[in-house]
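In the two complexes below, chain A is the common chain; its partner is chain B in one and chain C in the other.
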Partner chain A sequence: MPGVGPKSAQRLALHILRATQEDVDRLAAAMHEVKEKVSFCRTCFNLAEGMLCPVCSDPGRDATVVCVVEEVKDLAALERTAEYKGQYHVLGGCISPLDGVGPEDLRVRELLERVGRDGVHEVILATSPTVEGEATAMYVSGLLRPLGMRVTRIASGLPVGGDLDYADEVTLGRALEGRREV
Partner chain B sequence: MIELLRVHDLRNYHDAEFRPAPGITTVVGDNGSGKSSLLESIGLFATLSSPRAPSLKVVVREGCEEGGARLETTDGAQLGVFVRNGRTVLRIGSSPAQARDFLGRSKCVLFTPEDLDLVRGEPALRRRAIDDLLVQLRPRYRSMRSDFERALRQRNAALRDQRSTEAALYGEPLAIAAAQILESRRDVVERLGPLGAELYTDLAERGSLELAYTDTSDSHGVTGDELVARLTGLYAQTLHTDLERGRTSIGPHRDDLEITLDGREARYYASRGEQRSAALAFRLAELRLLPGAALLLDDVLSELDPERRRRVFDVTQSEQTIITATDLDVIPAAAKIEATWSVVDGKLREAS
Partner chain C sequence: MPGVGPKSAQRLALHILRATQEDVDRLAAAMHEVKEKVSFCRTCFNLAEGMLCPVCSDPGRDATVVCVVEEVKDLAALERTAEYKGQYHVLGGCISPLDGVGPEDLRVRELLERVGRDGVHEVILATSPTVEGEATAMYVSGLLRPLGMRVTRIASGLPVGGDLDYADEVTLGRALEGRREV
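Presenting the complex of A and B:
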């Protein structure tokens, strides 16, 4: 499992061995339920319990602004700021030759189809403030600019080399507010 | 200045305490006793790296999960560097700290026997010397360099896998990072040059020493956005040949420091003695750019002839100098020693 090293795995195994049968059954049932009910939102690839995620199915959200993030956890971090009222698009990673991830492995085609179709006025590139995040933002902006919409990048000032979900809400809110055209 | 150093589970130290005096402190011990490791641990506070270890994982004492050191300065700062499972953990006082806040608080110039080859050795040795200085002068340099290394590894991975789209894409991020490294290094070499020349003359060598940064991108005098644009252009131009080679051919990772004596390359034309003096002049020039830094001489005096040994002490004006040696005989009589320590098998003791 991602993020679980041998030591944590051992702790988890011991915890499960010590737990009651009921608790273990509940955990197994919860895992089943996730696999059965939760999938990716058809529009933005956030986690969703139906076809659309809570953001995309909220009529109060501004569908003309789309914020592009690498992962679902980045989307969750931006939602915590409670400042952003637009929609999202989850790429599913960043372009990283070291990890063998190219543009074709990300949901870039889906983004282009969506912004061409849905009357989007602005795309905010909120990939991580890392070398890979910048490279991915450059790639996506290169494809979007010819389509004639406003393309912006969130302001720097986030922890260098960090993930979006490490930044506090205030910093992240400011980064979003201070975005500039690219 | 360093008031107190406590070393925990580092190299062959279990738990040791070291109190260098202001002025000159000597540490005497046999080879392998832990003399170099003591200076290495002081160096950790200055650069968060070791010239003897590609990764800090290896500095931890064998069989220990964690090792490190605490350092107290005479102005009351308390610093800690610990290596835990290969990760470096920093502390200022009792709070965790970021590298950019930590660096620059305890500065040093370390001169090791390997540095005697600074002039004729591999270019990597000279690039590292410049980078170790920059990390102490500009704490942000460390993250700039890791961004550069990251971008370079990404472009090289794309080149190796013949993925031209990605290799082209990483050209601009690489150019942005390379420009910062290039400007910083050029700037610091420009400041080091006159100091190095002066010190070389003070070491009573004949001839004039010059230091110049050799830049594989040939961007002399170009700065700022113009430099980024120039490098971006170069990475686009060299994409084809780099794809054939499978690696990035231009950039700070291939640059060098050119050391000349009377206009001739010192690595080919200077005598062994002159090369050593040039290396010393370079390190002592660093000391002038780092006011308050400790000078750490790791067993190098025995490698110099008595005359050059004496001159080192004539031209050095550091508040604190720590010298390791197997034998006190190598220290010139004129040098005023304030404290003498001995080290045996990872155990430090002050001689009374």
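Presenting the complex of A and C:
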């Protein structure tokens, strides 16, 4: 399991041994249940109980704006802002040749099919501002632009509450470059 | 001295006692010299040996673009990016009522005189993206806009190399809001 090394594994195993039969049964049942009930949304590949995830099945969300993220955890982070009212598309990772992940391993085809079908006006590329995330954003934007929709990238710059003095050079350079009229 | 508590002070004092007479004389002389030779630039209030700082006396820098920063350390951070080719204006802090710092304690009047005199086309507000920094930027922009120049603010967003998942809600919200066409 990710993040569980030999010491943590031993601690967890000993905890299971010490726990009551009832608790262990409940944990096992919960694991069964999550595997049975939770799958991926047919539209955006978010987690879903049923065919569609809570975002895609909410009629209040704007289906003409799609925000492309790498993973479900990024979608959750954007949902916590409570500012975004569009829908999502989870790629399932980012292009990373060193890890053997190419465009064909991501849900890019599904994205192209979806935006062609659903009359999407804007695609927001919200992959991480890392080398791999930028490469993925560039690749996807290259495929989307010929389709005639607005393609945008989330802003890079200084984190709110941060100090200029502690920002790295590349981030400061981007913050300068991306300056906006007041 | 800032950042020197009782323990550090004792360590430094004992170091001075242990050092040779010559080393102590040199340190004292260096402190005298820095106080004598280094003052503030007449134009931008950066550190300067003489009337003008290295930036203001460099004919290769664009004098029609002025980047407003809080402190000299912020100017140094922006210089490290090696991307900015304009000049600076050091305010000497930011508006902070809780600390008793008002607009009259900053070099705002000097900024207004300067931009009126020197034919400045753009003022970039590069105060920190903190509450005080934002308030200062808003205050200064309110004074500058009637003068008819372009007033811009550095971008807030995700730091380069960062992870969406680890960004706070406000920063993520700003990154979304400040998205740009690819």
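Assume the second predicted complex is superposed on the first by the 157 of 182 C-alpha atoms of A that agree within 3 Å, B and C clash if a C-alpha of one lies under 4 Å from a C-alpha of the other, contacts with A are read in each partner's own complex, and residues count from 1 in each chain.
Criterion: a contact is a pair of C-beta atoms (placed from the backbone, for glycine too) under 8 Å apart; a residue touches a chain by one contact, two chains touch by 3 or more.
Computed from a predicted model, the values in this text were never measured in an experiment.
**Q** I'd like to know which partner A:S96 touches here: chain B for first, chain C for second, both or neither.
**A** first
**Q** Name the contact category of A:E83: first (chain B only), second (chain C only), both, or neither.
**A** The answer is second: A:E83 touches chain C but not chain B.
**Q** Using the touch definition from the top, say if A:G173 reaches chain B (first), chain C (second), both or neither.
**A** second
**Q** Just chain B (first), just chain C (second), both, or neither: which does A:L47 touch?
**A** So A:L47 meets neither chain B nor chain C here.
**Q** After lining up the shared chain so the two structures overlap, which partner does A:A63 touch, if you call chain B first and chain C second: first, second, both or neither?
**A** Neither: A:A63 stays clear of chain B and chain C.
**Q** Counting touched residues of chain A, say whether chain B or chain C comes out ahead.
**A** C
**Q** Considering only the touch criterion stated at the top, classify A:M149 as touching first (chain B), second (chain C), both, or neither.
**A** The answer is neither, since A:M149 touches no partner chain.
**Q** When the two structures are overlaid on chain A, which partner does A:A135 contact: first (chain B), second (chain C), both, or neither?
**A** first
**Q** Touch check for A:I124: first (chain B), second (chain C), both, or neither?
**A** In the superposition, A:I124 contacts chain C only.
**Q** Chain A residues touched by both chain B and chain C?
**A** 130, 138, 160-161
**Q** Quick check on the complex: what are the chain C residues that touch chain A?
**A** 67, 69-71, 73-74, 76-78, 80-84, 124-126, 128-130, 137-138, 141, 145, 150-165, 167-182
**Q** Could you please specify the touching residues of chain A with respect to chain B in the complex?
**A** Going through chain A, the ones touching chain B are 95-98, 100, 102-103, 130-132, 134-135, 138-139, 160-161.
**Q** Spell out the residues on chain B that touch chain A in their complex, using ranges where they run on.
**A** 143, 146-147, 150-151, 153-155, 157-158, 161, 163, 165-167, 169-170, 172-173, 176-177
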